[in-house]
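As written, the chains take the letters A, B, C and D, and residue 1 is the first residue of each chain.
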Amino acid sequence: MDGIHDLGGKQGFGTVKQQRDFIAFETSWEARMWALSFFVGSPDLTTDRFRHLIELLDPVDYLTHNYFDKWYFSIVTDMVESGIFSDEELKSGRASVSAPPPASLSLAGVLETVRGYSRSAKREIDDAPIYSVGQIVRTQKYGISGHTRLPAYARNRQGDVIAYHGSHVLPDTNVNNVEAPQHLYTIRFAAQELWGPDAAQNDFINIDAWESYLVRA
Amino acid sequence: MDGIHDLGGKQGFGTVKQQRDFIAFETSWEARMWALSFFVGSPDLTTDRFRHLIELLDPVDYLTHNYFDKWYFSIVTDMVESGIFSDEELKSGRASVSAPPPASLSLAGVLETVRGYSRSAKREIDDAPIYSVGQIVRTQKYGISGHTRLPAYARNRQGDVIAYHGSHVLPDTNVNNVEAPQHLYTIRFAAQELWGPDAAQNDFINIDAWESYLVRA
Amino acid sequence: MPIHDSKSAAETHLHLHSHLPSDPALRVKALESLAIERGIVTTETLDNWVEAYREHIGPRRGAEVIGKAWADQDFHARLMENAAEAIKELGHEGQATGDLKAVENTDKVHNLVVCTLCSCYPFGILGISPPWYRSAAYRARAVREPRAVLLEFGVNIADDVEVRVWDSTAELRYLVVPQRPKGTDGFSEEMLSKLVTRNSMIGTDRDLRAGEV
Amino acid sequence: MPIHDSKSAAETHLHLHSHLPSDPALRVKALESLAIERGIVTTETLDNWVEAYREHIGPRRGAEVIGKAWADQDFHARLMENAAEAIKELGHEGQATGDLKAVENTDKVHNLVVCTLCSCYPFGILGISPPWYRSAAYRARAVREPRAVLLEFGVNIADDVEVRVWDSTAELRYLVVPQRPKGTDGFSEEMLSKLVTRNSMIGTDRDLRAGEV
């Protein structure tokens, strides 16, 4: 989707505002939202659906909302779309039906749970990879209207394969909870190939690209 | 400049909100701003500098400001950059130096003046045009960091020349008050060339392109 | 000529945004006072300027051009050949009509005008552009999914009709010449011009009707 | 599996935006109450979750990994080979570290990590990302003018040093291994880890100093 989220290479955003003493959260609601995000969400809310729901925010909301507020809207939109929460419940904070509380996690339990989140997106598939490290390839000329992870700036450009990572869950389908894994490569582009002759000669930009994002050079 | 203004083909903006009974201005300040725009502005404020100053608005301001408010900021930024107005004057509305009023224009005078605005951007140049109607051409692969009028969606694409318009003032230089006219062509692109095979087969998008925006196919 | 610095201008924008009132009505009022005190313009001139665009320079001008083109074959030929010159015959030349091109709808062709990079519009002949024309949604979508946009305007383009989108990237402005409605034989130029809508001259309206007089 | 409709989701966003309070603190508070009443989670669990990321899961984890890599050649080799496995030796695996790749700075190479499409970040090893990392300016500019961005962070990259930008488009996350500062011979892993800044593991810091212990 050629959405507002596809920011790579866009001009006019000014300088990067740095935070010197940033620890973890700027406000307490951000901390609560972070924690809630691990629990609230429909069974269909894959990472990719979560991301796509953020991409579907109104462009001005996308640019102005706090990071964790985008998480809020992604998650509640998922819950409303899935029919699990109603807008009335979200407004009031009062459940239309209640359920008994689950067991609580201790701090140690949380730390153990978080360790368990170290899950790879790698999946075994039968097909052999088409491309190999060292090969020159091109990226697809056209974008895809739904969720996809080939940035617009890296479309229709030539680069070389610098790494092969096995096959990984494909975001384009995982947005609908279908893993359909494909071979994943790291593609290196010279900055001059992306931005033209004025770019530094020894700048390189690397992206990770699934096999269907590539064509033969 | 790959700025927020380059909206062609962007997704996520939703439906077009129509206005049924729109006459000329929605509020009276918009009407005043429209009129003021014909008088306030430095000698360097070409149409292209006016446009570029709008492009340089903060992206969120660009998307949220009323059309005539963008005109306001373009014009006052020009006046402040040119040293003619100060921010203090703009805030207070009080001039640091005053001058006697010019002669007023009657309604008939205004209508006559507006008729005089019918000025062509066409200029004579010696060089012959490189391309001709019917020829297949490509647009440039890379954008330009300053003001330019080749939309990103039409970069690095193939089309055919369907009209030649003589040579016209070049926006890329006219932003700095240098006309440097070039031959101007209308280039027709098949929608499928711009957006891929899912686009309608009989949709065509035409842009006007200066000679330096084109390369041989 | 000075080479203006884009970075400095962007910073001036930010500076002015943080120093001036957020209400545009207040800012424009102050700008008007300042321009008057500086001897740049008078209130009377501004009043007349507004009056000109409120009452005289608007889509009726374009409609008169279209009505004449429908009624007068020779004028039609001159309009299609050089619209900037042809509209002078009605005294309708003005702002942003110095390079004007007329594009004509047929049974098999529909034309749609947009400006994706800003909101270029032939003010002198159509007046102030409607807000939808300047909206991000219209500018973004008209070149990518013109048929879907047209459908939102109630215009259903048959599959076998070609859509031509004109993105006004140069100073050339485009005027759509809609099809003359059926049942208008013998109508005068004036009667014909009353059938022409603003949107039909931009391309977001297509099938005009005699009954709308 | 249902095929979710993007248009419907965009409309739900707009609907919720117009129906819910604008203050995110209020909305998140309501969401928490709702989740608790629905039996989805308890307050105590949420408290502990926040505590975990406030006090335990943060850039010190990454710094420990780097300190160990500097001090222990074998660990360094394992980290460069498969960072996701290597960090488990310190028990530092966690969210978004399941596919982790370490990229190393040298005298002639500088690495910089960004996620242009969202704000992917190896939370389990670096904690919550700093706001600048998620900003539109950083995401837009890191791939286009990395040297200019680095200069704003006080990092001046010599012309003969290659800049490698890693745009995290897949689930792979990147961890920059900065250069070990001079004058740190004989430092323990712990002493070394204290020299490592968060930004140096993202790439917006380069020259670490022994004196910063």
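Structural remarks
The rule is simple: a contact is a pair of C-beta atoms (placed from the backbone, for glycine too) under 8 Å apart; a residue touches a chain by one contact, two chains touch by 3 or more.
This structure is a prediction, so every number in the text was calculated from the model and none was measured.
Ranked by how far their CA centres sit from the centre of chain A, the chains are topped by C. Taking A-D and A-C together, the chain pair joined by more C-beta contacts is A-D. Averaged C-alpha coordinates put the centre of chain A at 14 Å from the centre of chain D. Each chain gets one centre point, the mean of its Cα atoms, and the points for chain C and chain D are 49 Å apart. Separating the centre of chain B from that of chain D, both taken as means of CA atoms, is a distance of 41 Å. Looking at chain D, one finds that residues 10, 14, 136 touch two or more other chains. Counting partner chains per residue, chain B shows two or more touched chains at residues 1, 9-14, 56-59, 63, 145, 195.
Shown here, the protein chains touch in an arrangement that is not a line, ring, star or fully connected set. Shown are all chain pairs that touch, namely A-B, A-C, A-D, B-C, B-D.
Residues 1-4, 9-14, 55-60, 62-64, 141-143, 145, 156, 195-198 of chain A touch chain B in their complex. Taken together, the chain B residues at the contact with chain C in this complex read 1, 5-11, 13-19, 22-29, 31-36, 38-40, 44, 47, 49, 51-54, 56-58, 61, 63, 65-69, 72-73, 75-77, 80-81, 85, 87, 89-95, 97-107, 109-111, 114-115, 117-122, 145-146, 149-151, 153-154, 165, 168-169, 171, 175-178, 184, 186, 194-195, 199-200, 202-210. Chain contact summary for the complex, chain A toward chain C: residues 12, 14, 59. Across the interface of their complex, chain B is touched by residues 10, 14, 136 of chain D. Interface residues of chain D, counted against chain A in their complex, comprise 1-4, 6, 8-10, 12-17, 19-21, 24-25, 27-42, 44-46, 48-54, 56-58, 84, 88, 91, 93-99, 114, 116-119, 124, 127-128, 130-132, 134-141, 143-144, 146-147, 149, 152-153, 159-172.
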